[in-house]
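For reference, the structures are reproduced in the following blocks.
Both of the next two complexes hold chain A, though its partner changes from chain B to chain C.
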Partner chain A sequence: MPPTTTYGKGLRSLALATTITIGLALVLIFFYAPLDAEQGFVQKIFYLHVPLAIVSLCGFVVGGALAICHLRTGDRKWDLRSYVAIHMALIFGIGGLITGSIWAKASWGHWWVWNEPTLVSFLIVLLLFATYQPLRFSIEDPERQSRYASVFSIVAGAFVPLNFIAVRLAAQYVHPRVLTLGGGQLPGSMRLTFLVSLVGIALLYATLWKYEMTAKNTRFAVRRLRRTLLGEDAVRPVGRSAAPS
Partner chain B sequence: MRVVLAVLRKDLRLELRTLETVPAMVLLTLVTFVIFHFGLNRATIDGQLAAGVLTATLLFAAMLGINRLFVAEREQGGFDGFLLAPVDRSAMLVAKAAALFLFLVILEVVAVPAFALFLLGPSLGPALPGLILVLALADAALAVIGTLVSAIAVHTRARDLIGPVIALPLLIPALIATARAIGPLLAAHGAGSPPGRWLAILALYDVVFALLAYAVFDFLLED
Partner chain C sequence: MSTLLAAAPAIPLGESGKFVAGAYIVFVVLILVYVTIMAVRAQRIERELAELQRDVEAARAGTEAEAERAREPAL
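This part shows the complex of A and B:
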């Protein structure tokens, strides 16, 4: 078994890079990017909301890709990676939904609007991934749990782009689309700020993923050591859990 | 192919002898139409509203079928028997999806005329060819995703809960396309043709999920 320190390797530099990028992004947001002509100060939530949503969607797809590795290799460490990726993406997704709701209330006057296809597709994706943990939790055998969860993640990961196509076609455009993914119609200063925020949030996601992986691996290592040193009876068995163990 | 037919024949014979699933699905649709009549407080409906009512009703009936699909296999050791046999495991997916598809078709043969009788304002005749096409594509989506989800859910502790909760979000894009494609067919001023865009989406959805289900299904049967 590798010593526990290897799990956290690179965590410190990653955390540092995250702090610096997010700090830079905040400076750019508040002092560099111009105020939006129509929406004013409220528009600045865009720099938080859109990166959160994009990173969360990418996290879901990455979770699916890691699940493919799990099914191909049969190695359960991939399942753990996929689980943490989806877990973090869910948290980011809820953050994106809440910030989006605040923005919608401030700029359109409603907490929720149905004619914004991105919003609706995002909600559907989130509703689907919200069933990931209940599914894991209701399968007792750990080996079967990880296999089934991987199947779910692959299907759901492929579902993300499909769902966006379908919902986008279903919506009638009422609002002008100012937010293309590449920031097509944004002025240069706003685009730069947006890109830095996006990198910052992506780094935050990577750091949290790494941190959670380290924590889980360390916990497993400690359990193993305790069991070796104190005997099988000294370590309580893990209860049924949604997390891979 | 012989294996698929054998499993399919077994499922159909089981259904014919027990009459468990399909009659329950039909009854559920009829009751749901009555509930919609009172819930909407309308004697007749047409257009997009009718399309929504029909789609939602068929979806809930399909859920019953999806929940029951693998129960007999699990409770009576069908899985073990199938895994012991030297056959391709994907045959189970194809056979079960075909069985679910047939159940849905039988359901619709009763439910659509009943819908026309109870709720639909415009006459069903001119809409029928388009409706058959849309429903066939929708049934394929329900059958493929339903089989996949049912195979996942049947081994969980709370399968009756987990199945629908996973299946509904996965089916949303297909249901959007179905409802939107049926809408113009049931319009009050005469049936239009189903919009090609939605048919294309439904077909795309069917193909993508069929391939996906085929790729991952083996892992659900391993033991």
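This part shows the complex of A and C:
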């Protein structure tokens, strides 16, 4: 792993921007956006659930794009970036799935509905990426691990938009459409609130990605320092891990 | 703040309010769990750094003692 010490740069301002945007989003959600005529107060979940799902899916695609950079350059820093992007997207995806499930219970009376294409397709994407970490863990050699994981990330990342388009093209669906290609069906105040929430969640994703990258790079830097100062024997072997080493 | 609260619509804390609160609590808990895990990792890095500092100082003390012994005239 090449010496990289700049990941922490800008983390403070990014965290501040995230806090302000999410704070503003919460104020808009609960004090500005009107109650939905059909769903009432339950619709407030959408300002959280939909951005979490969108950012999660984008995170998977970003993970795939970063994996392409890894395969093109052979530089393992791209593998680490891709790994953290997918890891974060999984966490956000789980958040999106749970909040969506809570909305489904409040709105439809069921925690889960199997005949709803959007829900099931999202679950398929999430389960697909849930195999990413076990796949990495099953490969002991770090070089092979990063290469195979990158191939998986690219294929699975390409599956995300295909899956999204397929669901959109499906004739029958009952999932509410918050945003459409025509600009959305939301009134102005709701659209503004939704967009601020989306930016807030996207910033949170970027902040946590940077936070984890900083932590991992600091750990690598400490190991490098130990190797340089005390020699190879002074560094304890990492052991089998799903994370890039 | 009081003006903002006065201008805000009444929040229905009935059946639907319970679900909305649940969804937002899940989000906060998820972030808290993540931050806690990262805090534990940060502590581990701190421990490793302290250990490295100790080892480097011990190695330096060893080298200095060796150099001192080399300077001493043989009897």
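By our rule, the second predicted complex is superposed on the first by the 222 of 245 C-alpha atoms of A that agree within 3 Å, B and C clash if a C-alpha of one lies under 4 Å from a C-alpha of the other, contacts with A are read in each partner's own complex, and residues count from 1 in each chain.
Here, a contact is a pair of C-beta atoms (placed from the backbone, for glycine too) under 8 Å apart; a residue touches a chain by one contact, two chains touch by 3 or more.
Note that the structure is predicted; figures quoted are calculated from it, not measured.
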Contacts of A:Leu135 with chain B and chain C, given as first, second, both or neither: first
Touching partner for A:Ala242 - first (chain B), second (chain C), both, neither: neither
Which superposed partner A:Ala234 touches (first chain B, second chain C, both, neither): second
Which superposed partner A:Leu52 touches (first chain B, second chain C, both, neither): second
Which superposed partner A:Phe30 touches (first chain B, second chain C, both, neither): second
Partner chain(s) touched by A:Thr218 [first = chain B, second = chain C, both, neither]: second
Which superposed partner A:Leu162 touches (first chain B, second chain C, both, neither): first
Footprint overlap on chain A, comparing chain B with chain C: none
Residue numbers on chain A that touch chain C, as the complex places them: 27, 30-31, 34-35, 40-42, 44-45, 48-49, 52, 91, 94-95, 98-99, 102-103, 105-106, 204, 208, 211-212, 215, 218-219, 222-223, 225-226, 229-230, 234
Contact footprint of chain A on chain B as seen in their complex: 148, 152-153, 155-159, 161-162, 165-166, 168-170, 172-174, 176-177, 180, 197-198, 201, 204-205, 208-209, 212-213, 215-216, 219-220, 222
Contact set on chain C toward chain A in their complex: 4, 7-9, 11-12, 15-17, 19-20, 22-24, 26-27, 30-31, 34, 38, 41-42, 44-45, 48-49, 52, 55-56, 59
Chain A residues touching chain B - in the complex, by the definition given at the top: 71, 124-125, 127-128, 131, 134-135, 138-140, 144, 147-148, 150-152, 154-156, 158-159, 162-163, 165-167, 169-170
